[in-house]
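Sharing a structure below in structure tokens format, with a few things to ask.
Lettered A, B and C in written order, each chain numbered from 1.
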Amino acid sequence: MTAILSADSLTIRFGGLAAVDKVSFEVQEREVYTIVGPNGAGKTTILNMISRINHPSEGRICFLGNDITEMPAYRIAGIGIARTFQNIELFEHASVLHNLLVGRHCKSRTNVLQELAFLPSVRKAEMVHREKIEEVMDFLDLQPYRDQYIANLPYGVRKIVELGRALCTEPKLLLLDEPASGLNVEETENVAFWIDDIKNDLGITILMVEHDMSLVSEVSDRVLAMNDGKMIAEGTSAEVQSDPEVLRAYLGA
Amino acid sequence: MIQIVVAGVAQGCVYGMIALGFVLIYKATEQVNFAQGDIMMLGMFTAFTLIATGGLSWWLGIVLAIAVTGAFGFFLDKLMLRQIIGQPQFAVVILTIALGFIFRSVAGGVWGADPVSFTTPYGRTIVTLNESETGNTVIDVSDLVIILGTIILVAVMYAFFRFTRIGIAMQAASQNQLAACYMGIPVKYIFSLIWGISAAVSCVAGILLAPKIATFDPDVGFLAITAFAAAVIGGFGSLPGALLGGLIIGVTEQLAQAYLPGDFARAVAPVSGFVILLVVLLVRPDGLFAQTQRKKV
Amino acid sequence: MRFVFKTSYNQDIQLFKHEGYWWSYGILFVVVATAPLYLGDFEIAELSQAMSFAVAGLGLMLLVGFTGQVSLGHAAFFGIGAYAQAWLLSVLPISFLVAMPIAAAMTGIIGLLLAIPLLRMTGIYLAIGTLALSIVLEQILKNWKSVTGGFDGKAVEPASIMGYQFNPDSWDFYYVSLAILILVLVICANLLRSPTGRAMVAVRDSEISARSMGVNVARTRITAFAISTAITGLGGALFAHKLQYLAPDGFNLIISITFLLMIVVGGLGSLQGAVLGALVVTLIPQAITVAKDYLPDAIAHQPGLEPGIFGLILVVFILYEPLGIYGRWRKLKLFFDIFPIYRKATFKRQKVFLKTERMR
């Protein structure tokens, strides 16, 4: 096993406050690595730094051995990191199909002038994109919603569409920001199955932020616990849950 | 030089006050009111009707005109803008542009397209500062009244937002509608009130402006486009910024008019405000006193 | 109800997704193409003008309706296209059909150069920035006498091919306009079914996730602006031949707002909407002229009646049909498609409460 992603003493300060303070971890290939912690612990901020929405004040992020700390955000998808968002950031006034097609954007190589004339090369490329999307749709059972507008879909389905859109980029590493938040028990179980399938069948590494401890212990290989921007424990799910520091962070006292 | 600057500052104060109207509404409701200039125009014509046609004294006339315009703004929000809460910002832009068209058209129907004026107690008096061989430095009293009026208005507004209960409630409502609503603040009423205040402020601007430009017609509202530039230069969320933006534009216009060579001045002076706006926005895309805006994910 | 069975990916990519489209658009095409047979010269001339507006509207629609960037200054680019066409024909011995794409490209390049600094702004700042730009550009048109003729205006060489001179008020120019409109429609539709078009919609709906999906947001916005201005410039070039004589105040703020009105009334976010909107905007003044005979004198001869009515129509649309004419058409279609189970709530908008993201 080799490290696919490594974060080296990541720090970010908003004003004077260190939202993330010297956090270092490594994600191994084909594992599910989960970050847990109370609200405001800096979990999402870590994902934001990896997908380059926030810029770390200090520290380095390496992906497949390359330093990506200075890379512009729009290139991240192209090198194989895809993500979902905590509060769902879909393209609301577009169909599910359209949303997934945007996920293919990083794979498109045609230029604007070719597209204005819709040359055969563009059509050919489009066909390839569509084929990939149908695979993802079948994988996630999205076919019934194919041509529906996001604005008309229930919350649970939107979450899945967002997951699908991330898969369409054919990532090596998938960042999931609270994939189960707002879902009911049954939907959460589905998410657990899919995460397993994504890891085992598609061979995609997953870095996840999640609150639902049952989901975390079900799918995670390793867990990192954070509080107030600092790492407090790392290990298997059971180890972290029995760690005295973690208990203190969650229960006070 | 001094007389140019004073004229520029006065012009700038008018821009600044109209800009203040924009910013008030924007700060509170995140709506952008493109009809501000036309509301000002309506205020000016109301004052005209009361003073010139109705024969009221200037003082009584302007107080009534300000009250009427304020009420107009209040009901404009209550009856019109309320309908489209929740639609994108763009819808408000279009709606207010359209309302501006309607106001102008209605004003043209009621008052005609010919320029009108009303008398003021201070009229077009001129003060001579110092006499010298090269020429007298003269200052228009109407300019001084504008500057004085602006200072009073700003002081009153500052006190209102800082110290009164309702002013503080307005600040709260502007930051989070839902939370303010739960705290028992009547958000809808507050928004209408803000529109009323904003309309009243632009009416003040119009009334002070009237003697400076001698006559006005229904197209006087186009002035607000320049005031818009002022608001944006200031950062569109900042009240002092709006005033400062107005002053910058007002003074530049006058200086460009006076010091650029003939042909060039004619071409550049009327749009100098927009040139400054473009320059400012190119350097700082969110204006001078921007409030940083970043979406959280 | 109609079910469409899809048998290949190609079917989703086609412009006409199933044979119903061939029928409806085919009939529409026949109706439009035979218009000179049953309409008078006056109506035909009005329609050709509507088409040049529709082309400009399509340009603006790409920017506002699909990329979500509001421009209050597109009249300036309309004007640049028109003047570029007039200038090209006055200095080069080329056909107007050759000059038109060049004029469009020139407008697009100017648009591109302006977009690079301009599109650092967003939202309301961009709207004001473009507004300022259009006011400054209008001033340039008025004062750059050697190219634009200043206040005196500039005559446009008549459109002609191999000695045949087109009459801008007659059927022959109508077909030129129609051909260009169809060409632009196809180009826009092509763009929208390609990665760049999808990236534009993505930027409109959520910049942050567009970025995470690999969309270069800045570049997409600039591309959209350049294409948008180029198409609007093409509309201007066409309009120049319609006008035959250009004056700088023909391209002022009112025209910019008319363009916006067009796309809002037609229906934001649909190509059909831009065309419908252009039709409406051209028809309103005619309708007003007709209505004037029946209105009391005081109202009929009131100054500024026309913009007032424009405004009224806009207000009614924003309040009651924000999706525009095309949106209304889609609702009707759906009503019949799924009869009798149509619910009023299908298109109901969600209430959104404002929670500001400004930091203090």
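Just so it is clear, contacts are C-beta pairs under 8 Å (C-beta built on N, C-alpha and C of every residue); 3 or more make two chains touch, one makes a residue touch a chain.
Nothing here was measured: the structure is a model prediction, and the numbers come from that model.
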Chain occupying the middle, per Cα centroid: C
Interface ranked first by C-beta contact pairs: B-C
Relative to chain B, chain with the most remote C-alpha centre: A
Gap in Å, rounded to a whole number, between the CA centres of chain C and chain A: 39
For chain A paired with chain B, centre-to-centre distance based on mean C-alpha positions, whole Å: 48
Rounded Å distance, chain B centre to chain C centre (Cα mean): 32
In chain B, residues with contacts to at least two other chains: 297
Where chain A touches two or more other chains, by residue: 53, 85, 89
Junction residues of chain C - those touching two or more other chains: 208-209, 350
Residue ranges of chain A in contact with chain C within the complex: 51, 53, 72-78, 82-83, 85, 89-94, 97-98, 101-106, 108, 110, 112, 115-118, 122-123, 126-127, 130-131, 134, 151, 165, 169
Interface residues, chain B side, partner chain C - complex: 26, 29-30, 32, 80, 83-87, 89-91, 93-95, 97-102, 104-106, 108-109, 112-113, 174-178, 218, 225, 228-229, 232, 236-237, 263, 266-268, 270-271, 274-275, 277-278, 281-282, 285-287, 291-297
Parts of chain C lying in touch with chain A, wherever the complex brings them together: 9-10, 12-13, 187, 190-191, 193-199, 201-202, 204-206, 208-217, 223, 227, 269, 350
Interface residues, chain C side, partner chain B - complex: 64, 70, 117, 120-125, 127-129, 131-133, 135-136, 139, 142-143, 207-209, 253, 257, 260-261, 264, 298-299, 302-305, 307-315, 318-319, 322, 349-360
